[in-house]
Each structure stands twice: as structure tokens, then as C-alpha cells.
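Here come two complexes built around chain A, the first alongside chain B, the second alongside chain C.
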Partner chain A sequence: MSLKSNEGRSKQIALCLLLIILILIVAPLTGLVKQYHLHLLIMAGVNTILAISFLMLIAVGRITIGAAAFWGIGAYTSALVVTNLHISYWLALPMAGILTGIIALPVGAIILRTPGMAFVVLTMVVNMVFVETIGHVELLGGWVGLIDIPRPDPIPIPFFGTLKFGGKIPYYYLMLFLLTLTVVVFCALYQSRIGRAWRAIKLNERLAQTLGINVWKYRLLAFVVGSIFAGLIGSFFAHYFQSLEPKQFTVFKSVYIQIYGILGGLDFYIAGGAIGSVIMTFLPELLRGIAEYEPIFSGILLIMLVVFFPGGIMSLAHAGFVAENVALIIKTLKTLPLLNNLRKKG
Partner chain B sequence: MAIGLFVECFINGLQMGMLIVLMACGLVLVLGITKIFNFAHGEFYMFGAYITFYFSYSLFKFNYGISLFFSALGAGLLGWLSYLAVFQRIRGSLLLCAAATIGMSMAFRQGALLGFGTTEKGMPSVFPGLINIAGYTFPREKIVAIALGLLALLLLFYVLKMTKVGKAMRAVSLDAETASLQGVNVNWIYGLTVAAGCALAGVAGGIMAPILAVTPHMGHRSLLLVLIVLLVGGLESLLGAILAGIGIGMVMSFGFQFFGGISEMIVFIIIGLFLISKPGGILGRVVEV
Partner chain C sequence: MAFLEVRNLTKHFGGLASLNGVSFEVYEGEIFGIIGPNGAGKTTLFNLISRFLSPSNGQIIFKERDITPLRPHEIAQLGIGRTFQNTTLFMKSTVLDNVYAGFHMSYKAGHWKAFLHTLSARKEDRIALQRANEIIEFMGIGRLKDELAENLPHGHQRILEICIALATSPELLLLDEPVTGMNPEETQYVVSLIKRLRGDKGITIVIVEHNMIVVRSLCERIVVLDSGMKIAEGLPQEVMENERVIEAYLGKEEVG
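After this line comes the complex of A and B, so read on.
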């Protein structure tokens, strides 16, 4: 019976997802969405991909505070390649992802050998070393950063004509494409044998080892795949924002990525990251008038979340949650007349 | 004068190492006994520096020693309050510790930025002048800083090894349940330990206030070095933290003299390589949290 209800539920979820995707695709075409909101949506998409790639390491039981470094590597690779070698953006985009993966491989291989606490600190160190390197090397732009990064080249799309990157709408669709790609790849990985191995590692590292799972290798895979997608979206970000500076990629950003994940719910590797980053992208905009208080607000929010609400928002939307509560309420209501009777007797 | 330069670098390294050691010892103390990893430790250091700045120079012009005491007291009190409010609930889980204390660090730093202003605050040296030891001249303030740091460390070891409270702390770090059976108020000891660790950071801030510029970001900057020291020295070993702290202070001082700003990065990379071969640090064992 539970299987049946599960099937029904997954159908409902699939329908909901389809609806959301449809709304996301159609929304900018209606003209109702302003440029400013489109910008926020694009940034929410970028943050979602970062959060999802952060959560991939959570899925193997590791915490990183260095996610922004790999985002930055992708962004700088793409920007430097396009401005210096004058190759097409559509070549630079995959190149940025691949190069980020190539850099993430030895880095991950080294730092994943350390125990949990040391790993957290080392990812922070990696992030700081990245920012310092960018800042100190003039060839990479220095502290001033890179400016005038060209927009992506026009691309011919069959049955549609040439897509020119003039306004925000083409960027929006490119972001949507990258987001879909990321979600599909990550879902496939979580569903596969690899995903099962990751789940085993998260549940119990030692036990997974006894079952013949090479914990280090599987963690390295998660680290590299997460970094590749962070690099891809970094490339998108570089050509969308058109200027880069080291300040954008500090540990501060990595902490924000962590907030996205925790706010959404750490056990929901895709939906949690999406919800958390959408909220955390739109919420600071509401606090624009008191922008200098924003880090205090975010910090306190993070503490409150961790202390009172470690499951995140998605744990509220958990399928059993509503049913359980309804059952509880009904149960309480049923006992009420009984109480009244007792009182009368007393 | 090659030897003169060497001695100067040595004293600089010792002074820098002392600061790192004081902070690292506070962190190790808290981590070892209460199993809380505090990423906001640097903010307590910053808080201590501001207290000394305001008490001994800007607002009240108290005696330097009294301001140091107030630094320790203030940072300790703040630590105890944060134990009651936050740490108590997240004890033992690395993920929750990392998230909540990073949030705390963010809030404190921005709070300091708004409360104390963005400008760097400098106070004049409390012990100006030079001192002559064995034919070499040293700035007196650095010698005093090293001596004060040593004093604070000795006090820590005295409390930990000789007093009843220290005994209770060590008992709790070994086995909290058994300790509570022997009549130790475990919760109280946890709070006290956090307060003591934060007070150490506050003292470090107070010692450094006349030497460095006091800014809201000073804690965050030095925290990275402290974390590295912790990793190299072993996460739960006070002696390892002291060895690694002095060592890294030396390396930074000599490296800065001979290689310039890039030395920091070289140190990080060497330490990364060191940690692969010995993940537990010099004196530690691998701790799984």
C-alpha cells in the first residue's frame, strides 16, 4: 500500500516540477517580468547550481567552505581565455568546466585524505590561496580584477534564428539550460550505483569500507563533479557580469553557499539547494535599505537555523509531515469529548 | 649584519608565534574538552583588542594591566554567553559547529564594523623604547608582549594541571559521564572552558592592540593561521599547538624577510603537503568527528 501511495506522490511531484519548469520557461516571454527581477532570477539560478554542487559533498559526508574557489577558477579561466586567445565563448564554457575539474582533481586528492575537521579548514585554505593568488598575480587581473569581458557570441539555433546576447532574456535561457543540465546529471548520479555508494558512505563510513567501497575515490568523484559544475556556472557568471574581481570569490561567498544549503535542507540535495538559494537571493534585496546590517541578519539567521531548525525548509515540506500532523490533530479532537465527559463526571 | 637581522627575525617570529599560540591554545582547550570547533574564535580576539584600545587609551586611560584584565573578562563573558545561547545546543556535531560559529563570526564582525567604525585604530606603544640584551637592541614592546604571552600560557597550564577546576576539566574531556558521576557539574565545566578559551583569545587581542592596528577584520585574518597551526600541531594537543605556533611564527617571519608577500602561500602549500603524510599533525592522532 505504501508503495502505491509513493507512486502517487512521485507523480504529483513530477507534475509540480513540470509546472514550475513551464512557468520558468514562459515567464520572461510574457513581458510581465521586469529586467531587475530577471537579473535576480538569473543570480538565483547561479546560486542554485553552487548550492547543489556544495550539497554533493554533504551527500558524501564532508563539509566544504571552499566552493567559491572553484566557481572563481571557472570564471577566471573562461574570461582569460576569451579575452586573450579570442576564441568563441561556446568553446570556453566547456573548457572552464574541464579545467576546473583538472585543478579540482589533485587538490581534492590531497585534501580528501584528511579527517573531517581538517578538511573543512583545508577547503577554507584553498579558497584563501585562490583569492591571494589572483590578487597577487598581475597577469590574472590582480586586486583590480578583469573588466570588459565580452558577451557570448551570437549562436544560430535551428528553427529559431540567431540568438544574440543583447538583453537579459538570452542569458536567462542559457542559465536555465545549464541549470537543467546540472540537475539532470546530478539526479542521474544520485540514482545510480555511485549515488548508492555515496549514501552508504554518508550513513557509515567504516561500514561502507567493509562493503568494498573505496571511500576516498567516491568522495573524490563527488568533489570533482561538484567542482566541474561550479566552474561551468562560473564561466556563465563571468560573461554575464562582464567584470570579475577577487573579492567576489572569498570565503564569505562560500559561507553564503553553505547558508543556501542549510536553509533549504541538507538532506534534499537538489530541491533544498534550489529553495534555499532562491530565498537567500531575493531576501537580501528586501533589506536593501539597511544593506550594512545584512551580514548580521544572515549570520543570526544561520545560527537560528542551525540551533532551532537543522532540517531546513524542505523538511517541513516532507511528504509525511502534513499527514502526520493532520492525524495528530484528529486524534486530539477525538479525545476532547472524552475529556469533557470526564470533567462532567468529576 | 647578518646576525643582527637573524636575531630581529627571530624576535619577530617569537612574538608572532606567541600571538598564534595564545589563540590556538584557547581553541584547542575548547575543542579538546567540549568538542566544539569555534570558527568565531578570531572575533573574540578582535573584541579583546577593542576593549584594551578603549580602556587603556581612547576612553578611560586605565593602566595597561587592568585593561588586559578587562579584555580577558569581556571576551570570557561574551564566550560564556555564546555558550549558553549557541554552543550548548550544537556540541559534538562538526556540521552544526561549522555553520553556527561561522554565522556568529559574520554577525560579530559586521557588528564591530558598525559599532566601532571601519577606520583602523592605533594606540601608542605602552612600552616605548629599546632594550639591550647581550649586545643587541630590541623594541621593548615586543619583549613585553612575549613575556605577557608566556605568563598567560603558564597561568593556563597552572589552572589545568594544579587546580581542582583543571582536574575536573581534564576528567570531563576524558569521559563526561563518568566525571558527572564523581560530582562534576559537566555543563558548568563546559561553559567555564569556553569562557576560558575565549578569555585567552581576548588576552591575545589585548597584548597585540598596541603593536598592530585594531580593525574589525583582524580576528578573521589571524584565524586562518591559527587553524593551520591547529592542524599541524594536532587538534587536541596543547603542546603540539605551542610547538607548531612558534614554528609557523618563525617560518612566516623569516619567509617574509627573504621572499616577501608570497611567503604566506608557500607556507600554506608546504603545510598541505605535510598534512598528507601526517593527517593527525605533529603530536596528535587522527580525530574523527
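After this line comes the complex of A and C, so read on.
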């Protein structure tokens, strides 16, 4: 990991991204993607945004297991203002993001003053407090939750008619738009001097301080920006799923978000989150017959990842790990006396 | 007029006084030495000045301003740079990136401009990178700029630490044992570098050092600490002939 990003490589990455976005735009138009797969893609997109907002805290050297709370704040804000105040969804969407940020600001300001381990515990507490609050306040839907959350309002498009949020396809494109927005904003931040300050903090907090970096302030910035985008996608989720209950936003979801990040690779703040999320969204579908045991598998997976594979999937591609190991295996095989004996006999 | 003034500085760890009522003044443009046997409180003193530790008592005045209540990054913003006794670098980054990171305070463009990558923000980035290159050239490690910091030999790592501190454009530089673990040639080189920092760049330097040859050839004045107390202050030659100093420090070890 470097403090400055290489110009040439960042162009390659930008090109790759553009290609992926193009494929994602065209895919549902070909008619090859079934409704069910479209649903999984939408959920993979939601999880990706959650994962990369989680990774923004990793980028400043902090781990959160409270990410789901801010996702929930966005979801509930949006659902409640649309159902109670009857305002347009297109107003509620940015409102959800902004309100999540406003709540994240004092919360982060307080809990980011604590050292690393205490911070982890406090994020978990924040998450539990959120769930309990929603559950016990009838006005917010209580444990039963909110139902019949309206779909986003139709968008009139000149010369084209109106875009109604009937099937899954409009949702898919809205998710794609939010995902692109998130990636662009996050990349712009990581590439700027703000991103450099973040990396300095992560690599060596003491040294960063002697360079005049206000560690607390920069961490708070990452916390608030990450929360805003978690809130935005929370709003999307509320109006896509059309029902909310506190159970969806527990610490377990936060742990899942953590798995997305670790599986993909914690040092790859965008691609790592995306890969981990896609795998963890599609993989459980293969185990559907034993769905009730899924948390067990995920738990074991998390432990295995942390112990044996802390670099994540992206670390393989990065370090040429596969090629090196294949070469090593071949080399080892060649030195085996057994093989030599066989050759002599042959 | 004192540039840096330490007044009656005291630090207790539990019941133990690591530093006890130490006072001295550093003048602008001088190279000032702090010596003393192990455990005398030299590093504690540095950590107090750069505010990584809070003093139990006493004051630190920099350019007639009481900096005792400030936090470490604010100390850096005032123009006090430092290096650490244990090599402290961004180990996984290249030499150039290490120094580039040191320019954090040089940017005038606000966060929004940085985020939007405006022309002015990008120009500042380029200037910072250019100046980072100049610093590592000045310090003689220019050819190593693309090496990872962790792969450098120890001597070069210590020089890189000073490079990073220089990137913050300090007026006062605190160097904590800058030549520890270096061979005589490297030591000689770093001594000449430190002299150039004061001569060419006009930086006031406070240095904690064990190596008496270095202290003698660099420092105009020194203070001697022993068990957290100041036992002597003055010209290196005078101080080293002081009986208490010889007893506390030089008597136990061979001089030089």
C-alpha cells in the first residue's frame, strides 16, 4: 500500500471500472438475466456500498461493527418521512443520507476519541442501542417494523414517457447510479490529500501527528462520509424491500459487512469491498437447502479468513501469489527424489 | 530572547518522577544538546515538548507562547518537528511517499477543493511532490526514492526520518538520538547534514544524543540530566569537566 497512487495504474483501474459499469448497464437489457438474478445483483450492489463505507474506516485504521446502524438510520429516515410527510422519494433519498451524516457526526466525535479496541466495542453498542430504540418506540414501527413503504415516485423523462418503479429493472439502475456515485466520491477522496492524510494515520498514527495531521478530525471525516453513503443506500433498500424491521439492522449485519470487506481484502478499499460483497451475496444462495445453518458457515468463514487469509482475495491478484506458488510447487516436485527415480526407471 | 523555554517541567509516572523541575532555554539558531545516562528522562522531555505526554507540572514556551495546553498536531503546526528514538516511518511506503506525506500542512486549498481535484489543489500536490524530491536530494538519499522504507538500511532510515520532519518546514527540530546504531562514516555524514540544516535552512536544533563525539562537534550548549534532574548546563567542554557530570554519567562509561 502506498501513500501516493501511481498515475499509470490509476488510469488502468479507471478503465477497468468503466468496463465493469458498462457491462452492468447492458446486462439486464440482453434479457439473459432472470428476475431472481437481478434481485441478487441489486442486493450485491447494496452490500458493496455498505462494504466500501465500512472500508473507509479501515482506511483510517479503525474497525467498526456498527455499520448496519447507520444503514438502518438511512432506511428508517427515508421510510418514515415518505409515509408520514408524503414527500417525494427523490427528496427523501438525499435527506436520508444527510440525516445519517448529522447523526454520525456527534456519535463519531465522541466514540472516535477512544483507542482502537474500545472503539470497536462502542460501535457495537451504538448498533445495539439503535436496534433497541427502533424496537421499543411504536412511532418508529416497533419490533413489528414498517410495512407498505411506497415505491419511489415515477420519474418523467422527456420524449420517453415516465419511468415507473414497477419491476426490478428500474431499481437495478437506481442501485447502479448510487454505486457509481459512491465509487466516484470515494475514489476522489482517496486520491486527494485527504486520502493521503488517512493513509498516513493508518500507517503510523504517531508520525501522522508530528506531520500536523489532526488524527481525530480526519477519522471523523471518514466516519461521517462513510455513514452518509450507508444512509443513502439504506434509503434505497427501504423502498426496494418495502418493509423494514429492526432485525435487519442488528450487529449480525454489521459482522456480515465486515466479512465482505475482509474476504475481498482490507487494503483494497473499493475492489475488495465489491468482490467480497458479490461472493457473499451469491454464495449463500447455493446453500439454500440448508439456509438455517448459514450463520454457522459465515461465522466459521470469518474466523478462517482472519486466521489464514487476512489479505483477502485481492491480495492474491496483487502479489502475483498464484504464479509464485505454482512455480514453488513445480520446483518442489522437481526436487522430489521419487520423481527422479521414476525418470531413471522410465 | 529564548526561542524555546522549558520552565520547571515535571512528569510523574505513578509515584515515580521521570522528570523533576527541569528548566532551560534554547536560543534561535543554535544547536542545543541534551545528554544524560539511560533513564535520565531525555526522551520523556522530548515527548513533553512535542506533547505526546502531558506534563504533571511546569510550562513550555515557544516563541513567547505557552504551548503546554496544545495537542501534538498543533505543536507540529506551530513549527516544531521531531524524530523518534525508535525509527518511526511509514514502513510500507516508498521513500518519496514518506516525505510527500510530510507536506500535509503545506496545502492552502480547502478540503472541498482537494476533493474536487481543482487546478489549484492539483498544483499544490505537484509542488509538494517536487519539494519532497528536493529534500531527499538535499539529504543525499535521492537515488533511493522508489525503495520501500522498510527495505532501507538502518542508517538511511534514520536520515529518512529527518527528511520527513523537514517536509513540515520546522523552525525547531527535535532529534532523538539521530545517529544511534550508525557506523562512524554514517555518523560523520549525519553530523555534517545537521550542521547544514542549521547553516543553510536556519533551523534551530535540539538533540538528544549518547555519542559524546557527536555532541562535542555539534552542540554549542548542552544540559545534562540525571534521574530526571538537571545537573549541569553550559558549553560542552565546561560541562564535561564538571565533577557532578563525570560522577553521574562519564564516570560510569568511557568517554567517547
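The criterion applied here is as follows: the second predicted complex is superposed on the first by the 300 of 346 C-alpha atoms of A that agree within 3 Å, B and C clash if a C-alpha of one lies under 4 Å from a C-alpha of the other, contacts with A are read in each partner's own complex, and residues count from 1 in each chain.
The rule we apply is simple: contacts are C-beta pairs under 8 Å (C-beta built on N, C-alpha and C of every residue); 3 or more make two chains touch, one makes a residue touch a chain.
None of the values given here were measured: they were computed from a predicted structure.
Aligning the shared chain A places chain B and chain C next to each other free of steric conflict. In the superposition on chain A, A:123 makes contact with neither chain B nor chain C. Contact with neither chain B nor chain C is seen for A:78 once the two complexes are overlaid on the shared chain.
Of the two partner chains, neither chain B nor chain C is touched by A:227. After overlaying the two complexes on the shared chain, residue contacts for A:235 are found with neither chain B nor chain C. Touched residues of chain A, counted separately for chain B and chain C, are more numerous for B. After overlaying the two complexes on the shared chain, residue contacts for A:248 are found with neither chain B nor chain C. In the superposition on chain A, contact of A:189 is made with chain C only, not with chain B. In the superposition on chain A, A:281 makes contact with neither chain B nor chain C. With chain A used as the common frame, chain B approaches chain C to a shortest CA-CA distance of 11 Å.
Across the complex, chain B meets chain A through its residues 37, 86, 89-90, 94-96, 98-100, 102-111, 113-114, 224, 227-228, 230-231, 235, 261-262, 264-265, 268-269, 272-273, 275-276, 279-280, 286-289. Chain A meets chain B in the complex at residues 58, 63, 65, 110-111, 113-118, 120-122, 124-125, 128-129, 132-133, 136, 252, 255, 258-259, 262, 266, 292-296, 298-303, 305-307, 310. Chain C makes touch with chain A in their complex at residues 50, 52, 71-73, 76-77, 81-82, 84, 88-94, 96-98, 100-102, 104-105, 107, 111, 114-117, 121, 124-125, 129, 164-165, 167-168. Those residues of chain A lying in contact with chain C across their complex are 1-4, 188-189, 191-194, 196-197, 199-200, 203-204, 206-215, 221.
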